[in-house]
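When the chains are written out, they are named A, B and C in that same order, and each has its own residue count from 1.
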Amino acid sequence: MNLNAEGLSKQYPRKTGTANYFYAVNPLDLAVRSGEVAVLTGRSGSGKTTLLNMLAGLLRPSEGTVRLDGVDLYALSDNDLSRLRSEKTGVVPQGGSVIDTLTVLENILLPAQLYGRALPVDAAQQWLERLGLAPLRDVRAAGLSGGERRRVAIARALAQDPVLIFADEPTGDLDDENTRLVLSAFRACAHENGQAVFIVTHESDALQYADRVYRMESGQLSEA
Amino acid sequence: MKRFSLSVRSLLRKPGRTAALALLTAFLALAVFGGSVVVLSLRNGLNSLEARLGADIILVPSEAQSKVSFQNMFLQGTTGAFYMDASVLDKALEVNGVEKAAPQTFLASLKADCCSVKIQVIGIDPETDFTVQPWISRSLARELGNMDVAVGCKVEAGVGEIIRIYDQRCKVVAQLESTGTGLDTAVYCSMDTMNALLKAAEDKGVSHKIESGDQVISAVYVKVRDGYSIDTVNSQLTGRLRKVTAVRTRSMLTGVSDSLAGISRTVTALIVAVWALALVILLLAYALIIRERNREFAVLRLIGASRRMLSGMVLTESALCGLLGGLAGTGLAALALFPFAQLIESALNLPYLMPDAGTALLLAAGTVLLTVMVAALSSMAAACRLSRVDPGTALREGT
Amino acid sequence: MKKERIPALLLLVLSLVIAVGSQTFLSPCVHEDGTFGACHWAGQALLGTGAVLAALAALALCLSRARAGVYLSAVPVCALGILTPGTLISLCRMASMRCRAVMQPAMIILFSAALLCAAAGALLCAKKESGR
């Protein structure tokens, strides 16, 4: 699996000042490789999440391309891109990203259910146990704490067995023990299963699990 | 199917929201179905009255003067008895331009032991009658025999049952179809039976005798020959017959049809008002609900739901709400209108003939379909707006 | 409030409407001469049936045991109420009379709704029993 970004940038209209647009992400080239954990750090507002969203097929770039095994993501139709997202990527976004009306297990099985694929019940159970969520399996997500919701989103991303895992501040709401648990799980995914993991964080803890570290400053990417 | 079950689950797990949306659409269905049934029943009633008043002119004794009370006999089934000499019929037939003339004789029964009202008994001449007889023929293949009666649909008496009128035993031989008019509460018999009943009434001290003779009738129904002016024939009849009033049926029907048009206008205005209000609320409600669920939809996009899928899910949910509301609203309207049709008829004071089961079912199905479509369409705008946004942007906005 | 008590509350409200209604706003025909027609006795029977139903509903509301049985016993009482006006006790012969135009349809609807409540209550209790 190869994910390559070429000349990728994102501009937003400026509300004040003389120039009409500003770069949230300056034009950049980047490759995300299988079997590696890549960690992107940087200060808040530096453009990390924007870059992650563009790489994950969630945000159309202003310029440049993102190719997954040679396929230009943003040249695909919405239907094809959505299917590809569902089959190949697992995304853990910032903030709560579970559906409150569903139970924990239903949330985890949802991506497969949307496309009528076989439900990964065993994998779901396994991740629930690994992330300490097994007792909450049938609890409605509305009643979960911030940390629990975050771990459910992680379990949902991992249970689909995607080739690409994107995580935006995955340990933001977690205590030290759970942070270690989650980050080792990501590392195991990359090193044992050969999945590509791309983590955005501003916590230094994550760096020790990284195979490659990038820094982002005012939309400018550099490899550390 | 999997996505459908997701929509159903989403509705079931937010029962408050679902109930509120269903309630709104229920109002729409209630207004449309209820309004249409009332208007349709009034139209049916008018048509039925027109058919039963197949005459152009009705001659009644001047003592029955007030057209209003005569009209009430048809509209509400109030009893009335007034008599004139039977020779009026022959005199009417002699008038140039009269094609048919048929007599009817009315008698109000004494209060029957069953209930506190008098029943109107109407005697007809089966051979010449062209207004009531065709209607009786639909329920009774033969002519009414001696002491036989046919009862209107609102008189509860089974075929074969004996009812007593002035202590005379009359056999019920037919129950007539509903007309939605006052004729439904009357009992019909032949002139011979009527004469026997008149005599019995006289024996009981209820006098109907008039000075001129024994043979009495209450009204003559006149049909004007094609090519003759009804007004001319009317004035000829009035000129020729003394102490007799000629009532033009058209004027009676016009009165009824004017009231009907008034009610139709009110009902239509009401339906439009309810729809306008409910539509605005529905559009606002969907816009707000979808905004509130922004995060949920962004998550769905994130895990691979396409725009089309998302719009489909929103439309399915709103259509299901519409279906629920449509069924509830139509059901409620049916529950209020069908069992209480008689009460509505009395309150409106107009001929009121409910549509038959087939038409009512068709109307109900149409109403439910309409509400489903309207509910789905009103969520469409919000669904479209939702699917235009990139999931990444939606996630950020929804945080 | 326990789920199984909700139908009892509804049943109580309905039965009170039936009992009070049968003598007031849903009453049978009033004869001008002060005599009583058959429909008057139907109205009296409905008052009695409504009162029995109200007692059963109150029992279902207060009792903690045997609630399912009380609900079940309300079902035939409701059926009796449905059949009373017109079938078991005859009404006036004219459909336009108050007893036939108002009392009968209203009572049939009210007793049918009560029957549904009683059945729902019995079902909820049975579900709870089997869940134990």
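By our rule, contacts are C-beta pairs under 8 Å (C-beta built on N, C-alpha and C of every residue); 3 or more make two chains touch, one makes a residue touch a chain.
Nothing here was measured: the structure is a model prediction, and the numbers come from that model.
Trainee: Taking the mean of each chain's Cα atoms, which chain ends up nearest the overall Cα mean?
Mentor: Minimum centroid-to-centroid distance belongs to B.
Trainee: Please identify which chain has its centre, taken as the mean of its CA atoms, farthest from the centre of chain B.
Mentor: Of all the other chains, the one whose centre lies farthest from chain B is A.
Trainee: How many angstrom lie between the centres of chain B and chain C, each centre taken as the mean Cα position?
Mentor: Each chain's C-alpha centroid was found; their separation is 30 Å.
Trainee: Quick one: report the Å distance separating chain A from chain C, using the average Cα coordinate of each chain.
Mentor: 62
Trainee: What whole-number Å value describes the gap between the mean CA coordinates of chain A and chain B?
Mentor: 65
Trainee: Could you tell me which residues belong to chain C and also touch two or more other chains?
Mentor: none
Trainee: Can you pull out the residues of chain A that are in contact with at least two other chains?
Mentor: Not one residue in chain A touches at least two other chains.
Trainee: At least two partner chains per residue is the criterion; list those residues in chain B.
Mentor: Counting only residues that touch two or more other chains, chain B contributes none.
Trainee: List the residues on chain B that touch chain C in their complex, please.
Mentor: Contact set of chain B toward chain C: 77, 112, 114-117, 119, 153-157, 184-185, 335, 339-340, 342-343, 345-346.
Trainee: Along chain A, where are the residues that touch chain B in the complex?
Mentor: Checking each residue of chain A against chain B gives 49-50, 53-54, 56, 58-60, 78-79, 81-83, 85-87, 91, 93-102, 106, 110-111, 113-116, 140, 156.
Trainee: Give every residue of chain B touching chain A within the complex, in rising order.
Mentor: Within the complex, chain B contacts chain A at residues 2-3, 6, 9-10, 13-14, 295-296, 298-309, 390-393, 395-396, 399.
Trainee: Could you please specify the touching residues of chain C with respect to chain B in the complex?
Mentor: 29-33, 35, 37-39, 90-97, 100-102, 105-106, 108-109
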